[in-house]
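In structure tokens below, several structures.
The following pair of complexes shares a single chain, chain A, combined with chain B in the former and chain C in the latter.
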Partner chain A sequence: MSARNKELLNLGFAALVASAAFASVSIVGTGLVTTRWLGYVGVVFGLYLVAHIVARFTVPYADPTLLPLVGLLTALGLTVIYRLGPEDARRQAVWVALGIGVLAATLFWLRYDYRALERYKYIFGISAVVLLLLPSVPGLGHRVNGVKLWIKVGPMQFQPGELAKIFMIIFLAGYLRDKREALAQGRLKDLGPLLLIWGASMLVLVQTSDLGSALLNFGIFLAMVYAATGRLIYVVAGLGLFLAGSAALYNALDRVQQRVTVWLHPWTDERVYCSISGELDFRQNCDSYQLVKSLYSIANGGYGGTGLGKGTFTTVDGTQLIPYLNTDFIYSAIAQEVGLVGSAAVLLLVMVFVARGMRIALIAQDGFSKLLATGLTFGLALQTFIIVGGVLRVVPLTGITMPFVSYGGSSILSNFIMLALLLLVSNRAAATAVNR
Partner chain B sequence: MFGNLDTEQTLLVLKIAFLVLLYLFIWAVVRSVTRDLRSAPQESIVLSAKEANELRARYEPVVPTPAARLLVLESPTLSPGSTVEIREPTRLGRGGENAIRLDGDDFASTRHAMLEPRFDGLWVEDVGSTNGTFVNGARVTTARLLVAGDIIRIGKTDLQVEA
Partner chain C sequence: MNRQISRVAGLAMGLMILLIVATTYWQTWARPALAERQDNAIQRVAQFEIKRGPILSPSRILARNKERIVGDRRFYLRRYPQGLLTAHVVGYSTVARARTGLERSLNSILTGSERSLSSLVDRSLDKLNGRPIVGDTVVTTLDVNGQRAALEALGTRCGSVVVLDPRTGRVRVIVSSPSYNPNDIEENFGRIEKIRADCTPASPLLNRASQGLYPPGSTFKVVTASAALDSRTFTTASTFYDPGYCSVYGKRVNNFDTSRPFGNVTLATALQFSVNSVFCNIGLKLGAKVIVKQAKAFGFYERPPLETPESERLPSGLYKGGELYDPRRDRDVDPGRMAFGQERLLVTPLQMAMVAGTIGNDGILMRPFVVEKTVTPNGKTRTRTRPTKIRRAVTPATARDVGDMMVRAVQAGTGTAAQIPGLRIGGKTGTAETGIDGSNTTWFMAFAGADGEKPRYAIAVVLQNQSRTGGATAAPIARQVLQALLPSTAKN
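This part shows the complex of A and B:
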């Protein structure tokens, strides 16, 4: 069977799984057993069918699992977002449609040779830094929840950091392909760029006071350096530098301090100073309110979950228990409704995606393609780890989105660009193998 | 149409069906890519570089890669009538870091094409040139196996593969 026919089959299967989820939410919502949900499944997978047809023309040999996996992840995200607020789900569906538009445009634009991107690597590198610092520009930057990650132009607001991440991966793939031999020798003077990028990521950390995206970008950088040189010392040294830098900045950044305290001690037995109300209160009612409520939400799901649509997210009077539930905390909403068994499966979906991405990197023919696929895949993997780990209290919680699942326009659009690039690399690698 | 069904029972069935289908989907997706790989057997969906090399060594016996010879038909830089021997992956282009340098050819890119002898013959691949690499007049889009008599065109340089 050809790759695209497999993809179609897998997409059909994903639609079936999503049907069970949509039906459940619809039945709980209306109290009646109806078939209204069929329309929603039709709309969502209609969009993916469009993406599939575009893929048939532009990337016929590409990996047949990526699109179906992403299809199911976005569908599950939509189910939970719909359940928390139908209005948001409608907006999210529009974002997914736009995302598939961007995917199609990227596939079409780069269908002959995406490696043309390598020629503009320095432009991508500089653009990434500019985009990262854009929210710090007075008048343009917009602070949401204490973190400066947004820019606002008229009624539109978006997170330039999401696009910067992709630009940085393209730059690093091109740059490291060029310099990998010099870096692999490990002379001291070659460490210059490493230190420079470490400095830049620290600067961005101070500017935006956002530990999550600093960690994500630096992590992608280290993974790509490791993939290019095969020298573990860079990873060890890089992580050491990052920890040392974070520790040095710890005292200067209130926000980072607060995040670490909440992570280590979410509950207190005595009333402590609460920066939100300015009075003494238990920490679980103050700084760590979100995290603690999210942990209760996960616990409430147990092994099998409450069933999709039946979780408890509001109090008796209708106020939402957990702020930012459909973005940062979407994993805890999923965990409550589908339980340990279901949320483990959601992580498995991501893991299969990552495994396929790494395989694409392995079979790709040239260094640029290999590094590009590694960077894109590792980026998605690390982002999922940081947010899911944050929600589960494995690492300090930082507000980033769960790729393809969380509510959010900038995130959905940039994730679809990353998917398009992976499909392009995969198509080229597989086409070369087929022509043999 | 299902109006007479009990809501709670339907939801319980849906809950179980969803979880079972979710795992079946993962199984089907993994299976769809691991089953019918013709070239090399594969136990996992990702092989480490070492495992891949071991498998390759077992199923693709190492044949010494034969050197290929190219006859220069026309070129602003290389002298027509001379032959070029390709023993290892060789890059052609206008830039100084190329193994075969076409510095007088204004239509060649700095990094133009790769020639690589493999066990099954000589392969050519375009490495992001502006004007393209052509084999017998057809533009090369992915790596391509050459046979004796094929004419490769890079910029204004024509090379013919010798038997």
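This part shows the complex of A and C:
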């Protein structure tokens, strides 16, 4: 069976699972067994069918699991977002449609040779830094929930950090391919760029006061440096520098400090200073309110979950218990409704995606492709880890999105660009193998 | 480069596995502890989708459900038809403020989560079918008329009344004043905060019956007299000289009324008229440890075993710096003062009702209980409380002698205000001075029953901030409550 036929079959399976999930939410929501949800599943499945047909023309040899996996993750995200608020789900569906448009456009644009990107690596590198700093530009930046990650042009809001991440990966893939021998030698002067990027990420951290994005970008950077040079010392030194920098900034950045305190001691037995109200209160009612409520949500799921559509997210009066439930905390909504069985399955989906992505990096022929695939895949894994780990209190909680699942336009669009790039790398690697 | 990529891949996979492990931790291992947390709003809301079992007295509804539909969900909220009459013991189950009382301690029974495997399967099927889970009914031993009579008798005064059946341990009345309306907890908490009474703070939410600690005053003399007779060092006829005071370590400890020393008195007369100096001398003779040991036999130094939450029951005994204090040596406490109820002794009304009941029940302390039975939604009895003996606290002879002395105290002593024609009542008054004029803690405890029968009731009444004696303030309340209870039990 050809790769694309396998993909079609996989998409069929994904559609079945997504149908069951959405039917459950729809039936619980309306109390009626209707087939209205079929229309919704049809639309989403139709979108992925379009993506599949584009893939048939542009990347015929590409890995057949990536698109169906993304399809399942976005469908599950959409289901949960719908369950939390149908209005948001409609908007998210539009974003998924646009995302598939971006995917198709990227595939068409780079269908002959994506390696052309390597020539513009410095442009991508500079663009990445500019994009990261955009929210700090007065008049353009927009602060949401204490973090400057947004730019606002008229009614449009955009989070440039998501795109910057992909630009940075392209830049690093190109740059490290050039310099890997020199860096592997370990001459002191070659540490320069490393220090430069460390400095830049610290700067971004100070500018946006967002630990999550800084950690994500720096983590991707270290993984790519290691993949390129094989020198663990860079990773150790880099991590050391990052920790030292964060520690130095710890006292300067109230926000970071607060996140760490909340992470270490979310519950207090005595009333402590509450930074929201300025009064004394238990931390679980104040600074760590979100984290604690989200943990309660996860715990309430147990092994089997409450069932899709039957979780508890509001009080008896109908007010929301957990803020940012469909973005930062979507995992705690999923975990409550589908339980350990379901949330482990979702994480396994991400894991399969990561495994396939890394396999692409392994079979790719040239250094640029290998590094690109490694960076993109590791980025997805690390981003999932930072947000889900934050929700699970494994690491301090920082507000970033769960790739493909969370509500949010910028995130969806840039993740589809990432998917397009992985499909392109995969297609070339598999095509070379076939032609040999 | 592939070796490095494999390692990065391994790291990425490791991170995902870590997430699965962490999810497992929260959803299985840490789950029960999180569900228990008072600020777990999700658990609280989810529990309101369960059709909670009602709480009943033998003849009344104490707590029932009220349905509220929000969006696509049906919630079962609690209503308390008896309002403030049974507030403290039944407690409340609200969204805003978690739970107290039986609503808290019997939560797993009321929500039906404490069941056999077969009903667990039924429950899971109900859940799949979208039917609400129905909890078990709890039937209490409370007498609502008695509860009303007790609260009315207490009026605006701060205090508590506890009535037990000493033969079985059934709690008939358990009230705390000021009381509050549990229906106000959810939506009108301000009204509860505005409650005022003859003490500050009024603390309407405090269950004084089992959470309130008060100096026992002369009611403790019953414990001392029991120890004295059980030790065989003294008999009811032992004679003492009362000069109106007693010397402890060279200091004078006065009688309540020093103007009229009794001269030569027997132990029986001393209890009848509550003569401090006699008990002071008995205490000096027996030593603190013997008295503490006797108190422990009556249940002191343990939380009284009632079905209400542990945090709402406090043990009685000597307290030092807010902590229960068990003296290791005789000279650690002053036995003279302790013998007549001073010296850092703090007790709950529930404990004193148990003491009176034990004397009335031939010296056997019964385990107090307030839950008669639990009933399944189909009307089958799931559990029924059997009366159980905790221990023999004093010999039958001592119980009889102390009981007779208490009867004399009511017939012609300090407790005459408690007399009810046709009933044999043995009681003891108590007046603990706090040093501030008009703020005595006053007591009356008694057993009561028809002549020639084992007593049916053991009662303890405590009042805060009183200017008069226990005999004048608390004994009449005991009489009113007992009178209210009489007709209802005559029908039984």
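Observations, loosely collected:
Quick note on the criterion: the second predicted complex is superposed on the first by the 436 of 436 C-alpha atoms of A that agree within 3 Å, B and C clash if a C-alpha of one lies under 4 Å from a C-alpha of the other, contacts with A are read in each partner's own complex, and residues count from 1 in each chain.
Here is the rule we use: a residue touches a chain if its C-beta (ideal position, glycine included) is under 8 Å from a C-beta of that chain, and two chains touch if they have at least 3 such contacts.
Source: prediction; values computed, not measured.
Looking at the shared chain after the overlay, A:R56 reaches neither chain B nor chain C. Of the two partner chains, chain C is the only one touched by A:T377; chain B is not.
In the superposed model, A:L308 lies in contact with chain B only, and not with chain C. Touch criterion met: A:L295 reaches chain C, while chain B stays clear of it.
Within the superposed three-chain model, A:R255 lies out of touch with both chain B and chain C [touch as defined at top].
Shared-chain residue A:V33: touches chain B; no touch with chain C.
Of the two partner chains, chain C is the only one touched by A:A228; chain B is not.
Contact with chain B, but none with chain C, is seen for A:K6 once the two complexes are overlaid on the shared chain.
Within the superposed three-chain model, A:K179 lies out of touch with both chain B and chain C [touch as defined at top]. Once the two complexes are overlaid on chain A, the chain A residues touched by chain B in the first and by chain C in the second are 28, 31, 339, 348, 355, 358, 362. Contact residues on chain A toward chain C in their complex (touch as defined above): 28-31, 223, 226-230, 267, 282, 284-285, 292-293, 295-303, 306, 312-318, 321, 335-336, 339-340, 343-344, 347-348, 350-351, 354-355, 358, 361-362, 367, 370-371, 374, 377-378, 381-382, 384-385, 388-389, 392-394.
Within the complex, the chain A residues that touch chain B are 1, 6, 9-10, 13-14, 16-17, 20-21, 23-24, 27-28, 31-35, 63-65, 68-69, 72, 112-113, 115-116, 118-119, 304-305, 307-310, 338-339, 341-342, 345, 348-349, 352, 355-356, 358-359, 362, 365-366, 428, 431-433, 435-436. Against chain A, in their complex, chain B makes its touches with residues 1-3, 5, 7, 10-12, 14-15, 17-19, 21-26, 28-30, 32-33, 36, 39, 45-47, 49, 52, 120, 125-128, 141-145.
In the complex of the two chains, the chain C residues touching chain A come out as 1-9, 11-13, 15-20, 22-28, 30-31, 34-35, 37, 39-43, 45-46, 48-49, 68, 70-72, 75, 77, 95, 130.
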